[in-house]
Structure formats: structure tokens, C-alpha cells
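Following are the structures in question.
Two complexes come next, and they have one chain in common, subunit A, joined by subunit B in the first and subunit C in the second.
Up next, the complex of A and B:
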């Protein structure tokens, strides 16, 4: 990755993103939306920057589906614009950070192809917010089978993992192992690329480690609650505070108290320790409480991102903070509309909002 | 059976008596079968009520979870994860006999899956997806169980209905008609006997005179 010389590019890009952040929906607006009826919310969304996508898609989708697809399209377009205005160096790193969307899209295409779905149906679930843009994905969708999809992704960064794991996935019919391997490689690459040459890069490395810890903890909790047995080693991401072997050992710990004790003994992040302590006292590890833990962990990650963006105002942080805040906005708007449509209570929807 | 069609002969009387005996025996057996089936039906009905209650509860939970999943993960992510499902649950259909009624015995496989067998990855999804998948697996299991019990119940009901019709037909139509015919023949034979006796007496009196 080429290093950025001087602070001018940062000043320009970070100022632009600061302005963009101002345009995002503030927290109090979500609280106001929670008190509105569904038609009022839809009307409000239509009056914001999502109008263009809603108008564009109104001939293909209806109702809440239209809103959800329009939100995703807007997210994809925003991220593509983010990449456009990024100077070299920062652009490559942001591309790496957004590659998780490519994984999601490629997997959706592969699964769709394996199930024999028509291209139109597969296209509906794609969110081209990563390196692989809409045109490229449209081209891949027309491939007849997973093997052809693989061929057309030869220039993709994660192609080697895909080429290695796809035959096994196609044979077994399960893409879960492939999905995990792609995400693991994604984290491996981004850890490799981050660091020197970018302002705030070293701190970002720490943040990535925290993200890996949080993802590993979320998986560890899910595996424990579901009583998963077998090759759990493949689900953990290397590169965090815990080694994969330590995580497997934690998973195998039979008593919940011993599990929490060993977990908190190894953690260094105070916030994480106190969060886990709260959950341990409250209700331990039960299926219903799992999402609460996941949500709290995600919130903790976001608050750290926000804090770092304030400390390092002209670095990679404000850009990443904007990317994540935009994703939060989409998630929250979708949660409010879908939740209202399903008749969930305001309190229930509020619990699932990332604020 | 119209009485005018009945031939008042002794052989017909013997025949009718045999038919009455057979009908009465059949009537008793069918009545016992009907009572037995009703007892079985009430047992199945209790079970059906329980399974239907469980089915409704599981359906409510599954609908709630899919709504929550749509809220948290979004329909697009949910659809994408749903594409991972490769192994479709299979059911095996056998039959068993309850008092002569053939009812289905349904067993299923590959319905309830472990977290690692569902086909979607853990790194791209959240626990809400697991709970949704699990509640739908529970629902499918409840549907299969309910299908077995409710089909059994319907088949038992059909059989009770047809047995009841047979019992009623025997009790109110076949046996009374046969008895009436038997009585008619008996009466006719008695009358014929009396006529014969009277005729003989007349002949005897004329011969003496």
C-alpha cells in the first residue's frame, strides 16, 4: 500500500466526511420515528436522501420491500462514492474494509446458483457496497453455475480462498465453512494491510483486534448456547487477544462460572470485562439474552470507533466512523420499518436499534 | 323388505331366523366396536388438543422470530441465509392399526439441525438467525406430529360415523324388518296350519256324514 504524503489529503477527505456525517439521521430522530405510524415513517424516509432510490425502484418493489431495497441501494451508492473521493492509499484500505460486503454478495450468488435460482431473484438480495460493483456483480449473476462464478472472480482478492474451498462446499452442499474461511482471510488481509503509512493506522490495528475479539466472543457465546459440538476451531478468527486454541478451550469449559472466570481473566479491555460481568450477573448465557450481549458488544465497538474518530480527527478514523454510522442508519431505519410492519412494540424495536 | 315379497315357507322362516341371529351378533359386535372407537377417539382427541396447542404456540413463536429477524438482519440477509439450506427434511410414512382402522405413523428426519449443520456461516450472521431457524425447525416438527395425530383423529371419526350408520341400520332397519318378516311367516304358517286342520276336520265330518 502506498503511503500518503503530507496532511492535505486527510484535511480534505476528513472535512468532507465530517460534513457528510452531519447529514446522517441523529439519535433523537430515531426516537421520534419510533412514536410514528408506519405510513408516517415511510413518508419521512421518502423526504430524505433515499427519495431517489425509492423512485428508481418503485416499479419493481412495493411497500416495505421497496424501502428496504432502496436503503440497501443507497448504502451501496454511498460506499461507492466514498471510494471515489478517497485518495490513493486510503482508498485501498477502505476497499479492504468494505470487502466484507463482497463476501456477502459472492456467497449469495453462489448459494443462489447452487439452489438454481434465476438471476433476478439473486440480484434482489445483493448489496454492492464493496469493491465488486453492481455492473460486475450483474455479469457474475448470469453465470450458469458456481464453477463459472468462480472463473469470473479470478481477479478478486479472495479468489484463492474461494478456489480452495468451493469444491468442498459444492460437494457437501454447505457454504458455511467457505463463508467462515472467507471472513477469516478478510480479517487476515486487513490486519496485514493496516499499520504503517496511514495516520491512525496503528490505533486502527488495535481496533481491528478488538473487532476480532468481539466477533470471536459472539461466536463463542452462540456455540455455547447452542451446545455446538465438532470442529468449532474453524469458526474462530485468528489475530485477536485470544488464540484459536484458547477459544476452543473456553468453549469446552463445562461450567458457566468457570467459563466466565477464564474469559475475564484473559481479557485486557476493561469495558469488555465490565460488560461481561453485567451479563453474568443478570442472566448468564441463555438463548434469549444472546442478542442483548451481541448488541451490547456491537455498541461498545461503535462507541470506541466514535471516540477514536474524535481523538484522531484527521486520520483514517473519521472515514471509518462515517462508513459505520451510515451502516447503522440503514440498519436502524430498516429495523424501525420492519419492526413497525411486524407489529413489534416500540420498546422491542428500540432494543434492537444501534444507538 | 316388503312383506308381500316374503314367501311364507318353513325354509324361508329358518333362513330368516338365521339372518336375525347373524344380524344381532353383528349388531352387538359393531356396537362394541363403535364404543371402543369412541374411547380411542377421546384419547386421540386429548393428544390432538395438546399437539394443536403446541403447534399454535410454535407458529406464534416462529412468526415472531421471523419478524424479529427481518427487523434485525433485514429481509435481504435473511433470504441470503435461507439459500444456504440444502438438506430438505424428509418424512417416512408407515401405517398402524387401531381397531381395524388403518392410521398413518409419520416419522421425520433432518428437521432439527444443529448450529453447524444449518449451512449458513456464523461470521456473517447473528444469534437471531439461529433462534429463527430453530423456531422454524420446531414448527415443522410440530406440524408433522400434528399431521399424524389429526389424520388419525379424522380417520377414527370417519370410521365411527360409518360404524354408527351400520349399527343404526341394523338396529332400526334390518333387524326390525327381519323380525317383522319372521313374525309374518310364523303367523302365515300358523294360519295355514289352522286352515289345514279346519279343512281336515271338514273332510272328516263330511266322510262321517
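Up next, the complex of A and C:
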């Protein structure tokens, strides 16, 4: 009997997220926004669920900055509310997945400090959706230099990686290697936790593998398009269905045709195979196609998420589908508003949207 | 002697069979009602939990989910009808 009653919270939460997902901005709305002027877009955003954040922040920010900060606040609040209604089991998995935002926030602070940005400016881009909450991040922002930031992050679970790689990053002025290492450790930890036999962990593990694969493929295409040479093994994230050795071998394949052939031979996903076929026929691997490939891969990840959310209706999938879609909504709205402000053409902005 | 015992036993068996038939009918009716009751409860638990989740996000769905939640009630009504047909 307890097993029957035990499923009720899953049914409740998963249905809530399915309904929430339906309330996200649809594709037609983005296309309508592309035809609008910036003030019209801002007004439209103010009339949606971002109204509360915009009202709260309207005293401190103006115009596009107000929209940007309101979007970040809304995302952080949404994720915190997601955790509040989550039943045990699903909560632990979601919490551990949302810890990736800590990496983004810490790196934003470090980059901001390295460039000498004022704390207020850094705060605008933070999304406190992970383990490091808003108050904690506010304290870190006040630190004068990256070294002090490191000291105040001693309690953070990724502190050992940060302490190991930060000196090299500050010395070279590039945080990309540190970022890679942090994400690698994050995926390593989360795979370890999920593999420990928690309830519903199988579906979560499947999602993590999919995400690692998509990330690795994006890295692979980026490396190939930019013609990166030398030690590329450090860029790839272990734990996906492709091993790091396979990815390195693919990167080292000399001709583009051979690259596409070996990649297609290793793929099981029919959607991805046809996607690669399209790119191969269209324009090969030219720098202009990279953005298109990355967007197509992200879109493919979402379509797989949606499919799995329908197939496993009462599991972690519908929740992850919502979390990812919400993140994309914020990214799309930012791209539209910033693009309009920068005077980009409708077609250029459209290329940045994943919808 | 042997015949008398057999006759008594036959008379008692008929009574026992009649009583047993009534008991069996009552048992069958109770199984029909209990079984369908449990099935309804199980179905309503799932539909109800999902329905509350849907209404929490969108109040306009209340009418639709209310109808969906009471549909499994028909199962227990079938059980009740079968039970009554068995008893009456």
C-alpha cells in the first residue's frame, strides 16, 4: 500500500511541470517578438510572468538592464520554487543537477574581478539557483581580488579543483581551462552520486549521459572547425556514451568526409545521423556552420528530453525538460533584447534562438 | 439403519447447500464491491494527484480534471450493481 501512496507526490509534481512547460513562450511568440521594436518587446515581457521581478527591480535598473536582471532573478526564483515542491528522491537529483549554476556564478565573479568590474555589474549576471545562495554570493562579490574569492569558497565542494587551477587561470588571463575542469569534476561527482542506486537514478543517469554526449559533440565540432591541434583530451568530459579516446580519435581524423563517416558509424540516434547528413551536404564544417550545428544539437537534446518526458511521464524527465526549457526561454529573451539593442537584423537574431 | 443415516445426511446436505449458496452469493457480492472499490481508489489516487497538480498550475483546468477524477467512480458503481444483482 505504501508503494501505491508513495507514487502520489511523483504524479502531482510531474503533472505540475508538464502544465508549466505548456505555459512557456511558444515558437510563434518569439517570431512575433522578432518583428517588434525593443520598447514593444520590453512591454510584452513586462506583461508576462516576469512582471513581479520587473516591478521589484524597477527602482535600481532601467531599460534593457532591468529586463536582463529581472530574467536572471526569475530563473533563480523558479528553480528555488522547483526544489520547494519536489518530493524526496527527485529533490536530491534536481538539487545536484542545479549545482552546475554554482560553476557559472563562481566563474562570472572571477571573470568580473579579473576585468575589474564593480560588484553591482557582476551581480547582474548571477543566477543563484545552485548550492551557493544569493547571500553567500553577495559576500563573495565584495572580495577585492580572485585570491580572496578563492579563500571565501573554502566550503564549496569544488574548492579543490578551483584551488588547483585558479593560479594558472589568473596568470594566463583565460578561465576556459578552469571552467572545463570544474564541469568535468561536476559531472564526475553527479555520475558517482547517481550511480549509487538511488530511486529513479536510472532515468537521471540516462539524461546525464545525453547531456555529456551533446556537450562533447559541441566541443568536438568547435575543435574541428577551429582546427585545434595538440593535446585535446583535456577538453572532453568523461562519462558519456562516447569515450574520451573515441572523441580524440574522431578529432584526429584527417578528412572531413572520413570524420562524418566515423561519427555517423558510431551514432545510434537516427535524428542526429540525419542532422549530420544535412550539414555534410549543405556546407561541411565551415566556421559559419558552427553556430547552426551547436543550436541543432541543443534542439536535438530538447526534443529527446520531450520524448523521454512523454515516455516516462512520472520520473525526473518532465522536471528536467521544464528546467532546460525555462533556461532556454531566458536565453532566447536575452538574445532578442540584446540583439535588438545592438541593432542586429531579424535573421541574425533568429540564428541565436533555440526554439 | 444405513438407509436412515443416508436420508438424514441428504436432508442436511440440501439445507447446507442452500445456506452455502446464500453465503457464496454474499461473499461474491462483497468481493465485487471490495474489488471495484479498491480499483476505484487506486485509479482516483493517481488521477487525483495529477489533477491537483494540474489545477495548482492552471485553475482553468478545474472543470476538466474534476470530470476525469470522478470517472473511476463508475467502476465501483458497476461493482455495486453486480453485488445487488447477486443478492436480490
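Rule of thumb we're sticking to: the second predicted complex is superposed on the first by the 320 of 355 C-alpha atoms of A that agree within 3 Å, B and C clash if a C-alpha of one lies under 4 Å from a C-alpha of the other, contacts with A are read in each partner's own complex, and residues count from 1 in each chain.
Heads up, the rule we're going with is that a residue touches a chain if its C-beta (ideal position, glycine included) is under 8 Å from a C-beta of that chain, and two chains touch if they have at least 3 such contacts.
Given the structure is predicted, the values throughout are model-derived calculations rather than measurements.
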| item | value |
| --- | --- |
| Per-residue touch tally on subunit A - higher for subunit B or for subunit C | B |
| Partner chain(s) touched by A:344 [first = subunit B, second = subunit C, both, neither] | first |
| A:68 touches, of subunit B and subunit C: first, second, both or neither? | first |
| First, second, both or neither for A:230, with subunit B first and subunit C second | first |
| Overlap of the subunit B and subunit C footprints on subunit A, listed as residue numbers | none |
| Partner subunit B, residues of subunit A touching it in the complex | 65, 68-69, 72, 103-104, 107-108, 111-112, 114-115, 117, 124-127, 173-180, 183-184, 215, 218-219, 221-223, 225-226, 228-232, 235, 237, 287-288, 290-291, 294, 331, 334-335, 338-339, 341-344, 348-349, 352 |
| Subunit A partner contacts - residues on subunit C that touch it in the complex | 42, 45-46, 49-54, 56-58, 61 |
| Contact set on subunit A toward subunit C in their complex | 4-5, 7-9, 11-16, 18-20, 23 |
| Partner subunit A, residues of subunit B touching it in the complex | 67-68, 70-72, 74-77, 79-80, 83-84, 86-87, 114-124, 126-128, 130-131, 134 |
